[in-house]
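One structure is given here, and the rest of the page talks about it.
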Amino acid sequence: MAVISPSENANKTRSDLLAYATLSLISIFCAVPFFWVLLASFDGNAQLFLRWPEQWSFANYQRVFTKEDGAKWLFNSLFVVGGATVLVMVLAGLGGYALSRTRAWWKLPFLYAILLIRVLPPTALVVPLYKFLLTLNNAEGAILRPIFGEYARPIMRWTGFIDGYLGLILVLATMQLPLALWIMKTFFDGLPRDYEEAALMDGATLVQRIRRVLIPLALPGLAAAGLFAFMSAWGDFLLPLIFLSSPELQTLPLGLFRAFLRINEIDYGLLAALAFIYLLPAVVAFGFARRFLVQTFAGGVKG
Amino acid sequence: MINLRNVRKFYGALEVIKGVDIIVEDGEFAVFVGPSGCGKSTLLRMIAGLEGIDDGDLILNGKRINDVPPDKRGIAMVFQSYALYPHMTVAENIGFSLSLKKVPEAEIRRQVEAVAEILQLTDYLDRRPAALSGGQRQRVAIGRAIIKKPSLILFDEPLSNLDSALRVQMRAELQRLHRELKATVVYVTHDQVEAMTMADRIVVLNKGVVAQQGAPMTLYHQPDNEFVATFIGSPKMNTIPVLITRPSTGKTHAQSPFGLSLDLPDAGAVVPQGQATLGIRPEHLKIAADGQGDFSAEVFIVERLGVETYMTVGSQEQPIVVRAEGDIALRPGDRVSLTADTSACHLFDSTGRVIRLTQAS
Amino acid sequence: MINLRNVRKFYGALEVIKGVDIIVEDGEFAVFVGPSGCGKSTLLRMIAGLEGIDDGDLILNGKRINDVPPDKRGIAMVFQSYALYPHMTVAENIGFSLSLKKVPEAEIRRQVEAVAEILQLTDYLDRRPAALSGGQRQRVAIGRAIIKKPSLILFDEPLSNLDSALRVQMRAELQRLHRELKATVVYVTHDQVEAMTMADRIVVLNKGVVAQQGAPMTLYHQPDNEFVATFIGSPKMNTIPVLITRPSTGKTHAQSPFGLSLDLPDAGAVVPQGQATLGIRPEHLKIAADGQGDFSAEVFIVERLGVETYMTVGSQEQPIVVRAEGDIALRPGDRVSLTADTSACHLFDSTGRVIRLTQAS
Amino acid sequence: MARNVHERRTERQLLLILLPSLALLLAFVIYPALYSVYLSFTNEALTGAAALRPRFVGIRNYARLLNDATFWNALLVTFLFVVGSAVIGQFALGLVTAMALRRRIHFRRLFSSIILLPNAAPEVVAGFMWISMLAGGEQATLSRIVSFFGVTPADWLQVFPLSMIIVVNTWRGIATAMILLTAGLSTIPNEIYEAARMDGATPSQMFRRITLPLMMPTILLYMLISAVSTIAVFGLVYALTRGGPGGATELVSIYIYNQSFTAFQLGYGAAVAVVALLISLILGVGYVRAMKVEV
Amino acid sequence: ETIRIANHGQAGIDAMKSTVEKIEKKYGVTVEVVEYPAPDKDYLTKLLTELGAGNAPDLFSIPTTAAVADMVEAGYLAPVTKEIKAWDGYANFYDVAKQLAVSPDGETYVMPFMLGIQEIYYRKDVLDKAGISTEQPKTWKDLLDRAAEIKKKTGAYGLLFPAGVSWGSGAFDEGFQHLIVGSKTPQLVDADGKLDLNGEGVKDVFDVYKQLIDNDLMPTQPLLGPEPWVVPKYQMFPAGKLAATTCGSWCYIFDWGRESKNPIPEVTKVVGTWTVPGQSGGQYVLANLAAPWAINAKSANVELAKKALMEIGSVETQVSYAARIGNIPSSKDAAKNADFQKLTELVPIHAAAEKGTFLKQASGFGTVSEGVARATEALLRKETDAAGAQKILVDYVKETLGDDVVK
């Protein structure tokens, strides 16, 4: 480091120290609750309260994957939430672009409407949603059953609206859509029109423009939108709880409830291990998409 | 040949192009100039098909193309920021329009290489735009345009992002390319040096209408109105309010409040008496020996550029710029005598329209 | 008076200012020029106190101020984008530094009005910067600077964001202000026209060192080195590799590969024989009658500006730019004969240092 | 609106690509929401006699709501929760971190990664981690921390329930605030700060007179987004307190859940949701108008 | 053909395994076991949502008896009165099980094959050591005095009754019920099916809680936490810091016995049991239905489901459940089952079921159960007295179900 003039040096150091201090304090605040999951998951005799494990063991994790269907839950979660995330990214990429570029009168009302609708907690929507999905599901079943006969059930497991991957993916995606649309709209606002116009001049159709020019350019925004969608859908347990029944389809948050279902005590080791496994993909996704975040919002927020 | 007939454009209730007629011949290098906001870009984008046309006809090679989508018009466009796709290499950028048409890989490669050859980009084909200099980027943008073999290339202020040295270099390059490609070019700029040095034809726009169009030297020597007169030429033409009289000599006499007094050549009866504006370019005022000039004035700014010197004389309210060859060591406060080249004077009426003196007709 | 003595600056291990000595006298208008990245802004910011000084002394009016914080130096600065506070009115912008010092409202208002008077901003005091034109914004930025009654005002490329018409106008305005305020000004630009027209003293920087400093005309006529020679003047000086010989005539003879052959005046024994670079400005080459010139060459670019014409002659590899008065109707491909004004030629050795021909010494 | 072929074509294409999103939102959000509005005028229940024969009851649910002290309590709790965690907690800490991270200091990546962690924790997991932090008196992590500093520990969730869920939700949302505010800060050019330094502004003056006013548009938009999202927070608080003790942390979202899935009174639960939506709508629109929030 | 059965909790699923195979073999159908892996409350939410939408499994277990009457009223359950009476296993059931299964409308909708029987378990060793009587307490006052004595002489908490919201339905099922049956107003439903919550007995029961809490005879702190039973039952009781608590028949096996993580050595000797006394005398062995099974009224295969239901009622299944969960089989014949005899801890309790009493069920009990939880929570937090707690209960039920439901 170069030498800095003394007065400036003193000033800089003082405020840098202040920055270190506040950041450290806030970081501690943010990190402390995680210690419990971390320690308890490796503790052969885990408790609700933080303690240093007497014997370290992988038994809890072993149990998740051998005694319980940990691998299957993880797969289901990743599949459902991943599917919803991809869907959100595709739809929000398209829709956000349209919202950014349209000059139609409904643009602002629409944007505020989808923002404010978020105040409705999912709990308020679950029952009507269930009935609606069931109607769709029965209709689909009525079509599929005559055609596929006994194979209709396995097919419905993938494409059904109730107790099927498709329905859950669609519902999870829809819940994340408003925020994602907002993010993408703001992102596209910051992206010069020149690119798409250049592509238009090059003879690209709307789909080609989006797929070959806009999507690559919008990747940071999509990553941010996808990340938020992923995390929020990943954390959701009410929707999978209500919409899934078959054991083959269970997801991690439902698996987590396993730990409650011992006869007497909650199995904290299992809980912590599951929680840790449950935590990991979200953290990894964050690490992956983090660098896109500020880039995305720096373009969007007006100063 | 491209032909705009009474073309109009509205943004909401605001009319930004107010009935424009322009003809650009095949192979011509036409430049649209005008102050910021006069509608240059809008016009260009209407030709490209990026903006709709609200009224009038746009005719390309005899066909009305108002409703033809951009990619079917056979027109290419180079954007101000070049709009190179940052995620593609130079070769991919240039070949993009072909790959959209599903032209076979090998054929694309061949054509891209041919274009790169012309533009001296062969060594850079595998780079991303971010790793190119400003000049190279511009060439890629041009490559992307010419690979479509367009009959018309549009440029929207392609040099405005560059620093002045690079701009000079690019200007030369663009002219060379125009010669080699023999394509029709429509070029938008608000820099009049660019316009003067490159254009076969200049279209001067002002507030959504065409102020004048023609060859650069025509605009320089015979401006149709005060706007074009002051817009073309740097430093800009001095405009001085004068009183026109026709004394017994029969000549037309122009008299300004601060003592300038000129006989205009051969003007005769075409010039109405009364208030008018006299236009004279800084280069047409010459320093004369003391007392010998048409008028004298105090110098208050001297700008010495070495090879030439600009002097601002007269008063704060009515400054007159004089351009003199060579390095002249005058200082603010000095008085100079000046002669005006009356054969290069212009007269404008109160609406700004030129009053043609005979030599111009 | 401001005095920089052997000033240095490092960014990490990278030395960006490599021991610079500069003196600017009271009331002078000093301009720092140089290519992008040469350290102009860094130097200015060191004077302002926004960057620390790693080595050397910064002396203002006899006092070493290396360690004085920016607001205590009595220096004001006008930023490139003006950095007006967008959320404050013009009056608040100008009065901000006073209000920080808790000067009473009424007193602030009085001083702001006085400053606004000088800058002709009285009518705009209640506007926000967004509602001002470029020129008005600049005046606000200057107002914010002069209300502090600084002995020194620093400008960092204040005109680079403006279009060329406005730039010309602003230049004149800045000069007028400098005259009226009688403050010392240090002005950074990379535009050499700005430097030439405004400066009392130009400091040419190159890669963190001073290439030359002096009055503009000194730099134009007597550049110390090839860098300054080509940097100052537009279009830039032609540089041609030549072989210097001293044949029996006793004169110094310069011979270029493509047939240019010149006798340099009175150079005598000071010029060593061998390879050198000949520098000649475009304005010192004149078109001669066929066969009469020092050499002839093919024209390949013609730029007609009306009042003057630039021609590029020679070859792609060794282009030579010629500047001719008036509108010359040559076309690419024509051949022209050219004479060089040998009294205005410069010679540079292989390190780029000037070899003074006698008339210059 | 569009005057010519080109613009009409463009608008049509844009509508077309928005359509899938629109369809999903209509099917899975708007339709259930409207259905909820209908439910709010019935006595629909999930079990009991009303489940068998739901009746149209007019505005009886709403009338009952007006006199329901628990509902008003839930509104108040929600208001305090939103103000405490989103408007004050997350915002203040987010702003502080965003400003600190703007400095050129070491470990910036590390700090920001750690601060982003809580946002990555799923609600249920976050709930457990905080139960371990707060519940059960002496053994809770927080109790052990404070007793290390000589403070008498308490049963945090019992003694300070509302404050604790505000703290927890603040913890969870610092990252979002930090990201949005960092973005806002990055739009303020450095030159403005240097100009202020030349003008002699102290750090606190710079913050009050430059940073804050210039950040205002970002802050206003952030407030809207975070308030709206915080109103819907459910899982985290439910996992921690289930709305207790004694309704002290019964947010509207939890109240709706309790009505719908503990008492199984769907009609009444729907009425609560509708009223909550209406109130948010009025406040939201008022806010957008009054503050001229730009999208 | 398939029938879908919903089950809940790993132990329950394991217990059903052999029965499922038997059903499949016997009726040539496929049985699909749908596992709802959620806590009771969420399980019920999901089940009710599906029932309401008409998409529930054919056969399911119901986590708490209190929910049954409401489900009947909602028309979710198919009546099985005729079939169950015709079924040969039925005659062998204890009376109390038979009566518990009968709904207010006189029909039977559930298979009452398991009983939950709760008593007061106390640390005989601790009491003996401190010289405290281990006789069966005769009245509530007797019980409270004993608890106070324990507290005074040993410093340990004297008696625990489940309470508070986080214990879920336990506050009602495992605490309140046991006291109310011995109170002055032993039933909560009147003749026309209205809820009689304003009775004196309700207040008196809350007063028992109140006294336990105010005199610090019962650990309140852990009850306000997330899993209220963990600390008192699995830590304090084995450590002797809690001397008496209500507990179910499973306690000897799972909580402190051979299946426990923290077993008490020689548990049957060290831990004794009292029945819950009445307010002024009498002894009550309160039974309720544990995990009753019922049939979806909208099932496509009601007849088949009924046959399967009878299989679930078999002695084998009962024993299998008893072994895994520790509840008491409803069949008297279970006593003769070799596997059951191995569950030595349960055998005497099974015999005691003969004298079992029960609380009449009614629609709205789910709400009452939640109301009791809230009322006891307020008591735990020392925010109110017995009358106030009763008001909380009444208000909650009125608010939720309407004023006319409560007498």
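Every chain is named by a letter (A, B, C, D and E) in the order it is written, and numbering of its residues begins at 1.
Keep this in mind: a contact is a pair of C-beta atoms (placed from the backbone, for glycine too) under 8 Å apart; a residue touches a chain by one contact, two chains touch by 3 or more.
A quick note: this is a predicted structure, and the numbers were derived from the prediction, not measured.
Asker: By label order, what chains touch subunit B and subunit E together?
Answerer: Touching subunit B and subunit E alike, sorted by label: A, D.
Asker: State the smallest step count from subunit C to subunit E, taking one step as a move to a touching chain.
Answerer: Shortest path length, in steps: 2.
Asker: Going by the contact definition above, tell me which chain pair has the most C-beta pairs touching.
Answerer: Comparing chain pairs, contacts are most numerous for A-D.
Asker: Just give me the whole-number Å value for how far the CA centre of subunit A lies from that of subunit C.
Answerer: Distance between chain centres, rounded to whole Å: 56 Å.
Asker: Cα centroid separation between subunit B and subunit C, in whole Å?
Answerer: 27
Asker: Send over the residues of subunit E in touch with two or more other chains.
Answerer: As it turns out, subunit E has residues touching two or more other chains at 45, 49, 52, 226.
Asker: Do you know which subunit C residues sit against two or more other chains?
Answerer: Within subunit C, residues 49 contact more than one other chain.
Asker: Which residue numbers or ranges of subunit A touch two or more of the other chains?
Answerer: In subunit A, the residues touching two or more other chains are 48, 126-127, 131.
Asker: Provide the residue numbers of subunit A that touch subunit B in the complex, in ascending order.
Answerer: Listed in rising order, the residues of subunit A that touch subunit B are 192, 194-195, 197-205, 208, 212-213, 216-217.
Asker: Write out the stretch or stretches of subunit B touching subunit C in their complex.
Answerer: Against subunit C, the touching part of subunit B is residues 36, 163-165, 168, 171-172, 175-176, 179, 190-191, 193, 196-197, 216-217, 220-221, 232-236, 281, 283, 301, 303-307, 310, 312, 323, 325, 327, 332.
Asker: For the complex, which residues does subunit D have touching subunit E?
Answerer: 45-52, 68, 70, 131, 135-137, 155, 157-158, 242, 244-246, 261-265
Asker: Please output the residues of subunit D touching subunit A within their complex, sorted ascending.
Answerer: Going by the criterion above, the answer is residues 1-2, 7, 10-11, 13-15, 17-18, 20-22, 24-25, 27-33, 35-36, 39, 46, 93, 96-97, 99-101, 103, 105, 107, 111-126, 128-133, 135-136, 139-141, 144-145, 171, 174, 179-180, 182-184, 186-188, 203, 214-215, 217-218, 221, 224-225, 228-229, 231-232, 234-235, 252-253, 256-257, 260-261, 266, 269-270, 272-273, 276-277, 280-281, 284-285, 288, 294-295.
Asker: Looking at the complex, which residues from subunit C come into contact with subunit D?
Answerer: Touching subunit D: residues 45, 48-50, 70-72, 75-77, 79-81, 83, 85-87, 96-97, 100-101, 144, 148 of subunit C.
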